[in-house]
Structure formats: C-alpha cells, structure tokens
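Down below are the structures I want you to see.
Two complexes follow with chain A in common, the first pairing it with chain B and the second with chain C.
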Partner chain A sequence: MAIQVQGITKQFGTYRALDSVDLEVRSGELLALLGPSGSGKTTLLRIMAGLESPDAGSLQLNGEEALGLKPRDRQVGFVFQHYALFRHMTVFDNVAFGLKVRPRDQRLPAAEIKRRVMELLELVQLGHFAERYPAQLSGGQRQRVALARALAIEPKVLLLDEPFGALDAKVRKELRRWLRKLHDEIHITSVFVTHDQEEALELADRVVVMSQGRIEQIGTPADVYDHPSSAFVYEFLGQVNRFDCTVEGGVARIGNGALSIATDETVRGSGVAYVRPHDLGVAPAVGGPGRVSGVHVVGPDARVEIELDGLNLEAEMDRERFTSLGMVVGDRCTVQIDRARVFAR
Partner chain B sequence: MPANATASALSDPAWMRRLLIATALTFLGLFLLLPLVAVFAEALRRGVFAYWVALVEEDALAAIKLTLIVAVIAVPANLVFGVAASWCVTKFDFRGKNLLITLIDLPFSVSPVISGLIYVLLFGLSGLLGPYLKSEGIQIIFAVPGLVLATIFVTFPFVARELIPLMQEQGSEEEEAALVLGASGWQTFWRVTLPNIKWGLLYGVLLCNARAMGEFGAVSVVSGHIRGYTNTMPLHVEILYNEYNFVAAFAVASVLAMLALVTLVAKTALEWRFGAELAATRHK
Partner chain C sequence: MTSILKKPSVLPGFGLTLGFTLSYLSIIVLLPLGALIAKAGSLGWFGFWDAVLTPRVLAAFQVSFGLSLVAAAINAVFGFIVAWVLVRYQFPGKRLVDALVDLPFALPTAVAGIALSALYAPNGWIGKPLNELFGLKVAFTPIGIAIALTFIGLPFVVRTVQPILQELPPEEEEAAVSLGATRGQTFWRVVFPAVLPALVTGFALSFARGVGEYGSVIFIAGNMPGLTEILPLLIVIKLEQFDYAGAAAVGTSMLLVSFVMLLILNILQHWMRSRHAR
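Take a look at the complex of A and B:
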C-alpha cells in the first residue's frame, strides 16, 4: 500500500515539529526516515499511524484520505521504540491481542487465532517462548515479539520507531539483517525511523533525510551518500572534512590557498567545501606542505590526521595501502582532493 | 580479604545496630502497640459478656451499620473518581492540569473540620442551598447524604494519589499499542490499563476504606450526633466515652481497630502473595 503525505505541518507549542512535509512512500518498499533528534521523523511516523494529528496537510493511505480515520481503522502495524509490550500478558497473548479485540463478527475462531499466533512466533523464531512474560525476554527477543504482534493484524503498512535503538551493537546488526530478509519475503510497505545513518543506508530501499521538521533529501542509500543535496546531508551522512573557502572563477580556495578545488557550482564568494576522508589522497613527500599528526589503524581501515596550513584534515584509506606508504606521525606529506562538493554560505 | 571482613567494614558496629533496633521497637511499642492493647484491655475489662452486650446494643449496631453504608457508597465512588482523575491527568495534556492535581490534594491539606463545615455552609438550613433544599424536602446536613458527601470529600485523594505516580511511570505507550492493534478505548482500559494498575488501585481502595470508616472530624460537623440515626462508629465512641461508659466506648473502638488491622493484614498478604507481580507492573 502506498502512502501519500502532503503539506503535513505539526506544531507543539512554539516548536514546529513538521513544516509542510511532502512524501510518497511507494508500495512494498522499505523506507528510512533518517535525522537527528528533533528533526520530526518520529512525529511524522506517529501521524501516519494516527497517534498524532497534524495541524495542516493531508495523508492518503492507498489513495484514500486517512486523517479522519482512527488508528484502529488504518490497518497499520506499529513497533514502538521501547516495544510497549503488554507486561501483564504472555508472549502468546501479546501477539494474539490484535486478533482477540476484533468485533465479534470479524473475530477468528480461537483455534484459528492460536494457529496464526504460533505461525507468527515461528516466523520471529520465538515459538518456544509463547508462555513467557515480556520481562523474561532479552531486548532482541522483545523486539521480535513486538514485530510479531504488529504483523498479527495483517497490516497494510508496517511502521517502526527506532526499532533497534535500545539494543546493543551486535544484536542490532543481526536484527537488522533479519528484518531486511523478512521484508524481502513478505514485501510489506514499511517505514522505519532512525538516527543511525549506517542503519538507514544498509537497510532501506530509499532514505529520507530530515532536519528541523523538513525533508532535506530523498533518494537511494547510494544517492544520498554520494550526492548529498545540501550541506546538512553531507555533514549528517558519514564522516566528512568541512572547510571554509572562497570561490572565484570556478575555483574554491581553502584557507590561504594551500588547497584548491575546481568547482562547477554556481557558487561565488564565500562557501563551504565538504570532502569525504576517503576522497583525500595522501602521499609522503619530503618537505611537503602537510604533516601527519595522528594515525589510527583499527580493523581494515586506517585513519590519518594531517595538519596543513593550520587546517586539521582527516583522510581514510585501507590498511594495506597505508602500510605500503610507510608513514609515521611527524612525516611530511602532500594532500590531494579527489572529490569534493562546495555549497554557498 | 575474606568476604565477611568487607561486610563488617561496610556495616555499623553491633552495639549501634542494637541501639537503633531497640529505639525503633520501643517507639513502636509505646506509641502503636500499647494503645492498641489498651483498647482491647479496656473493652474486655468487665468480661466478654459486657463487651458483647455493648456491641449488640441497638445504637451501637446502628452506628456500625451506618459506617458500613457510608463506606459502601464512598469507597466505590472514589474508586471511579480516582481512576478517572488519574487517567485524565496522566494520559492527556490539557490546560489547568496542575490546578487539577492541586485540587485533588486539597482534602489532605484542609482540616477535616473545615471540610465538614463547607458542607454545612452549602447545604445547611441557613446555607447557600439550604432554603431550596428545604422547600424540596431534601435533607443533607444532619442526615446520611451529608455523612456520605463529607466522607467522599475527605477520602478523595487516596485512590488518585496512589495511581497518578504509577500511571505516570508506566506512560501511555501500551495504550497506544492497543489502539493501533484495533482495540477500542473501552477494551484498552479493561485489557491494558486496568491490569497494569490493579495492585496500586487495590492499595488506594484499602487506604480509602480505612479512612472512610475511621473519619471523625468532617463527619462530626455534618452529623448532628443523632443516636441511632446519624452516628457513625467514631462518633458513637466519642458519645459513649463522654458519658463515662468506658467499656462500651472501647468495645466499639475495638471493632474499628480490628477493621484497621484487617486492612493492614490484607495489604501485607497481597504484598507477600503478589510481590513479584507487583514489582513487574511497577517497572518495565
């Protein structure tokens, strides 16, 4: 089911959480709402679920106006950041809840409900835990119960609020893969909120980057990472070197002109240049302008900090290449910018 | 270093512990246990027969019956009001919320005598609504309705005070989850909210009940002390005592004391029996 968001605005007191947001969620895709806290991403998700109502704008679920619908009539599955499992119910009863509260004429027979719940628990690999209480489960298990519970009502859309936020790094990674696999199997239109760019880039079909109640950019993970459309997206996605520069005749000069970048932007005057650490080429050179001020080699990558004309740069390369260069702290070097992006101030 | 050496380093010396325990026990004995024993001792001073006679005497029975009637009306009323008030304070944001919370506490901060007086000033013969009520033939002051009103007022905060912190801590995520899953507001209340607050609610009701039966000040002002009609147990005790009828006074007092003890035992038993579940509903 597709979701159409148009001109959604939401104000909390004097704080504008969403400022005329337009968004289309395509049927069957897995979409990430990515942004720092306070960017309005959770508010947008809650508006889709009907847990919050906007001050202005329209929301269409599958082409039908949905703002007038109560949450129960929207056929959405919602997974809460802290799971919100019913603490006084067993895992089985948690998952069965949505089926049991249906009006009598739509309710399935008890045996059918049982079969369905057990099927879902098998799907989330928790078949043996049906009689446990939420307090007796680990964080990852609780999250999967929450997912099974949301799926039980056969929603047309699955909405997840920071689904992995409360989990430790290892479980988070496992669960992320598992969710991706699950989505590939059942193809339910899904929207998840996250502040973790790695999570959004790895998991989503498309990423929506949000900031201060507005959408900054929408695109595939590769799109938004390689072609950020604004300074904010550049800074928010991945590591980046940020330089103040002056642009004249298609050339951006950084600092006192120690580094320059050719730019085809329509930027003039003062600007900001962004360079990803892996787009900085570093080579040892006796008497070179730069000086290696720090080296961090962890895992397959090497991070090299360089001082150049009062600027602090960060370069990244793979470990083998770094070893072959044979640089140590204090060495002189040259610095070359392979790729950069300049925005007007 | 052996473990017990660490333990002793962290705890107070033995004489200190004994002193503290002895002090606490002395206080408890002096101020709680001794008076309680005295009540029963005085009540039984002339023997079990005199005790029994004092209890089954017509006015005493009427007082016991009246106290139960008042409690049976006031406690359920406050159960409903308390849950409703806590629900709207914790699950919704609205203007004047802090004012409402302050108002809920009002009966605790106002002297019970004043609480009673308020009703006299409102519903009494020379009160605000007095003439109208008289013309309609409705009597509130010096009658059962006044007793019930005063008791409801005085015991109003017990349930709400118990529930508000609990519901605030639990938040409303589970209710939201229920709504998204298709539950109606009513289903959400019965299946999600109520099970989560049931033990706190029971606490509140027990305390509310204890106070409703034991209330003296507010009830005394509105009652008029008409024997056999508007005397609740605490008022009856006072009258008997003022008439130097000590055995009867203490006999009725002992019944009140027993009600309090039963309440305490019930509370402790619940804690003991459902301790784990209580802890589970209080914390996520």
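Take a look at the complex of A and C:
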C-alpha cells in the first residue's frame, strides 16, 4: 500500500516539528526516515500511524484520505523503540492481542488465532517462547515479539520507530539483517525511523534525510551518500572534512591556496567544500606541505590526521595501503583531493 | 544455612542491620502481640473459645470484617478513579485535590467521626434529606460505619495506585490502540491488569485500617450490641468491665483472622507480580 503525505505541518507550542512535509512511500518499499533528534522524523511516523494528528496537510493511505481515521482503523502495524510489550501477558497473548480485540463478527475462531500466532512466532524464530513473559526475554527477542505482534493484524503498512535503538551493537546488526531478509520475503510497505546513518544506508530501499522539520533529500542509499543535495546531508551522512574556500573560474581554493580542486558547481565567491576522508590522497614526501599529526588504526581501516597550512584534515585508507606507505607521526606528506563537493555559503 | 544467610555483597553491615531489624520488630511488634496472646492464653483452651464464641462477639466480627471489606471495595473503585484523574488530567486546583486526599491520614479520627455523624444524623445536612426522601437512615446504622471506614481508608488506595499509574508507559496504550483495541479494551486489557497488583495492595491496606479503626466509627455507629458494635469497641467495653482476659481473647482472635486475610491477599499479589516481574 502506498502512502501519500502532503503539506503535513505540526507545531508543539512554539516549536515547529514538521514544516509542510511532502513524501510518497511507494508500495512494498522499505523506507528510512533519517535525521538527528528533533528533526521531526518520529512525529511524521506517529502521524502516519494516527498516534499524533497534524495541524495541516493531508495523508493518504492507498489513495484514501486517512487523517480522519482512528489508529485502529488504519491497518497500520507500529513497532516502538522500547518494545511496549504488554508486561502482564505472555508472548503468545501479546501477539494474539490484535486478533482477540476484533469485534466479535470479525474475530477468528480461537483455533485459527492460535495457528496464526504460532506461525508468526516461528517467523520471528521465537516458537519456543510462547509461554514466557516479556521480562524473561532479551532485548532482541522482545523486539521480535513486538514485530510479530504488529504483523499479526496483517497491516497494510509497517511503521517502526527506532526499532533497534535500544539494542546493543551486535544484536542491532543481526536484527537489522534479519529485518531486511524478512522484508524481502513479505514485501510489506515499511517505514522506519533512525538516527543511525549506517542503519539507514544498509537497510533501506530509499532514504529520506530530515532536518528541522523539513525533508533535505530523498533517494537511494547510494544516491544520498554519493550525491548529497545539501551541506546538511553531506555532514550528516558519514565522516567529512569541511573547509572554507573561495571559488574562482571553476577552481575552489581552500585555506590560503594550499589545496585546490576543480569544481563544476555554479558557486562563485566564498563557499564551503566537503571532502570525504577516503577522497583524500596522501603520499609521503620529504619536505611536503603536510605533516602527519595522528594515526588511528581501527580494524581494517587506518585514519590519518594531517596538519596542512593551519588546516586539520582527516584521511582514510585501508590498513594495507597505510602499511605500504610506511608513514609515522611527524612525517611530511603531500595531500591531494580526489573528489569534493562545494556549496555556497 | 550460612550460605543462605550470608551471600557476599558489596553492601556492608548485613549482620548489623538484620540484627537491628529483628530486635526492633521484636520490641515494637512481637512483644506486645506476645503479651496479648499470653494474656488470652490465661483463659485456657476452652475458656478462650467460650470468650470468643459468644453471639455478641460473633456479631461484632461480622460488623467489623464485613463492613471493612465493603469499605475497602468502595475505596478500591473510587480511589482508583481519583488516582486516575490525578495522574491523567491537568486541571486547575489539581494540587489542592491531591493534598485533600491525605486529609483522612492527618485528621484525628474522632473529629472525622463527629463530623460524619453530624452530617448523616437524621437531622444533619445529608442525613435529613436522605431520611425524608428515601427513608434511608445512615448514622447509627451499618451504612454509617461503612461511610466512616471508607473515609479513613481512601488515601491508602489512591496513594498506592497513583505512582503505578504514573509510571505506566503511554506506549503500551498506543500499541493497544494501533492493534485495533477500543478505549474500553485498552483500559480493561492493558491498563487495569498493570495496575491491579497495586490496587490489591491498596485494598488490603484500606481493609486492615478499617478493621482496626475505632475513633471515627464509635461516634457514627450507634454501638448497638449485635447490630452496630465493632470489635475494637467490644474490647474497650470488656476492659471497662475489668475482663482483661476476655478482651485479650477477642483481640487475639481478631489478630488471627486479620493475619489470615492479609496473608491470602499477599499471596494473591505475589502471584500476580511474579508473572511480570523483572
């Protein structure tokens, strides 16, 4: 089911959480709402679910106006950051909840409910835990129960609010791969909120980058990472070096002219150049302009800090290449920019 | 045995605090109760039952325990509503209402009893219209006793339920709603079961307070033997007649019944809590 969001605006007191947001979620896709806290992403998700109502705008679920609908009539599954499982119910009863509260004439027979719930628990690999209580499960297991509970009502849309936010790094990674696999199997239109760019880039079909109640960019993970449309997106997605520069005749000069790069941007005069650490080429050179001021080897990557003409740069390369260069702190070097993006100030 | 008592802990002073607790409880609680039972024991087995199993004492048992249960039940319902309103809604004067709830704790119970009996007496502000319109007599009947016990027991329910309601995460209710539950289903299936253990605690406290209550009841009860005479009053009457052993026997039997009832409530509660304990 597709979701159409048009001109959605929401104000909390004097704080504008959403400022006329337009967004289309395509049927069957897995979409990430990515942004720092306070960017309005969770508010947007809650508005889709009907847990919050906007001040203005329209929301269509599958072509039908949905803002007038109560949450329970929207056929939306919602997964909360802190699971929100019913503490006094077993895992089975949690998952069965949505089926048991249906009006009598729409309710499935008990045997059918039992079959469906067990099927879902198998799907989330928790078949043996049906009689446990949420307090007896780990964080990752609880979130899988929450997911099964949301899927039980056969929602047309699945909305997930920072679903991995409360889990530790390893479980988070496992669960996210698993969710991607699950989505590839059942193809339910899904929207998830995250502030973790790695999560969004790895998991989503398309990423919506938000900031201060507005959408900054919508695109595939590769799109938004390689071609950020604004300075904000550049800074938010991944590590980046940020330099003040002056642009003249298609060349951006950084600092006092120690570094420069050709640019085809339409920027003139003063601007800001963004360079990813892996787009900085570093080579050792006796008497070179740069000086290696720090080295951090983390797993397979090496991060090299360089001082050049009063600027502090960060370059990144794989560990093997770093070893072959044979640089140590204090060495002189040359620096070359392979790729940069320049925005007007 | 030592392994049960002495698990290694970073907190020092286990021996000291346990010793203090036991001696303190012995002096404050066990010693007087022991003295009471010893005094009752002076009657001998048959003498004890002779003192307790009289129609007057049995009727007082019914009045005290029956009406305490009624009052605790009323408090459970309305105390829950008060706590709900105080937690869920913002309204002018909320702090005042919140403070008002504690008044029955602070007010001398005799004052409460006199005020209530003045209000509900056949010529009182509330008693008079009730009597004229419905022919309902409140003061000097069991209804009056129930009202007094309700008055003094209310804060117990409100103050035990309130913090639990406060800490209830709104997400659980939102989850229920997004799963298709109506407001009623959300309340009865999600909110109420989460609050139930606290409600039972409040009920038990209110009940226990009611059984032991003396000051407020004797003014409104009328104190007719067999009808509106409560156990604590009966004990005082026995004392005034220098029947110390008989008073102790009634007290001991009260103690037994209360203990059993509170034990049952505690077991019930433990069972409910253990199901979703962390």
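Here is the rule we use: the second predicted complex is superposed on the first by the 345 of 345 C-alpha atoms of A that agree within 3 Å, B and C clash if a C-alpha of one lies under 4 Å from a C-alpha of the other, contacts with A are read in each partner's own complex, and residues count from 1 in each chain.
One rule holds in what follows: a contact is a pair of C-beta atoms (placed from the backbone, for glycine too) under 8 Å apart; a residue touches a chain by one contact, two chains touch by 3 or more.
No experiment lies behind these values; they were computed from the predicted model shown.
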*Kindly say whether there is room for both chain B and chain C on chain A in the superposition, answering fit or clash.*
clash
*asked:* Contacts for A:345 in the overlay, against chain B (first) and chain C (second): which applies, first, second, both or neither?
replied: neither
_Contacts of A:87 with chain B and chain C, given as first, second, both or neither_ = both
*asked:* Out of 93-101, 111-119 or 129-137, where does chain B collide with chain C after the chain A superposition?
replied: 93-101
*Of all the chain A residues, which ones make contact with chain B and with chain C?*
49-51, 70-72, 76-78, 80, 82, 84-88, 97-98, 101-102, 133, 135, 149-150, 152-153
*chain A-touching residues of chain B, taken from the complex the two chains share*: 173-174, 176-184, 187, 191-192, 195-196, 277, 280-281, 284
*For chain A, which residues are in contact with chain C within the complex?*
49-51, 70-72, 74, 76-78, 80, 82, 84-89, 97-98, 101-102, 133-135, 146, 149-150, 152-153
*Quick one: in the complex, what on chain A touches chain B?*
49-51, 70-72, 76-78, 80, 82, 84-88, 97-98, 101-102, 133, 135, 149-150, 152-153
*Which residues of chain C touch chain A in their complex?*
169, 171-172, 174-182, 185, 189-190, 193-194, 272, 275-278
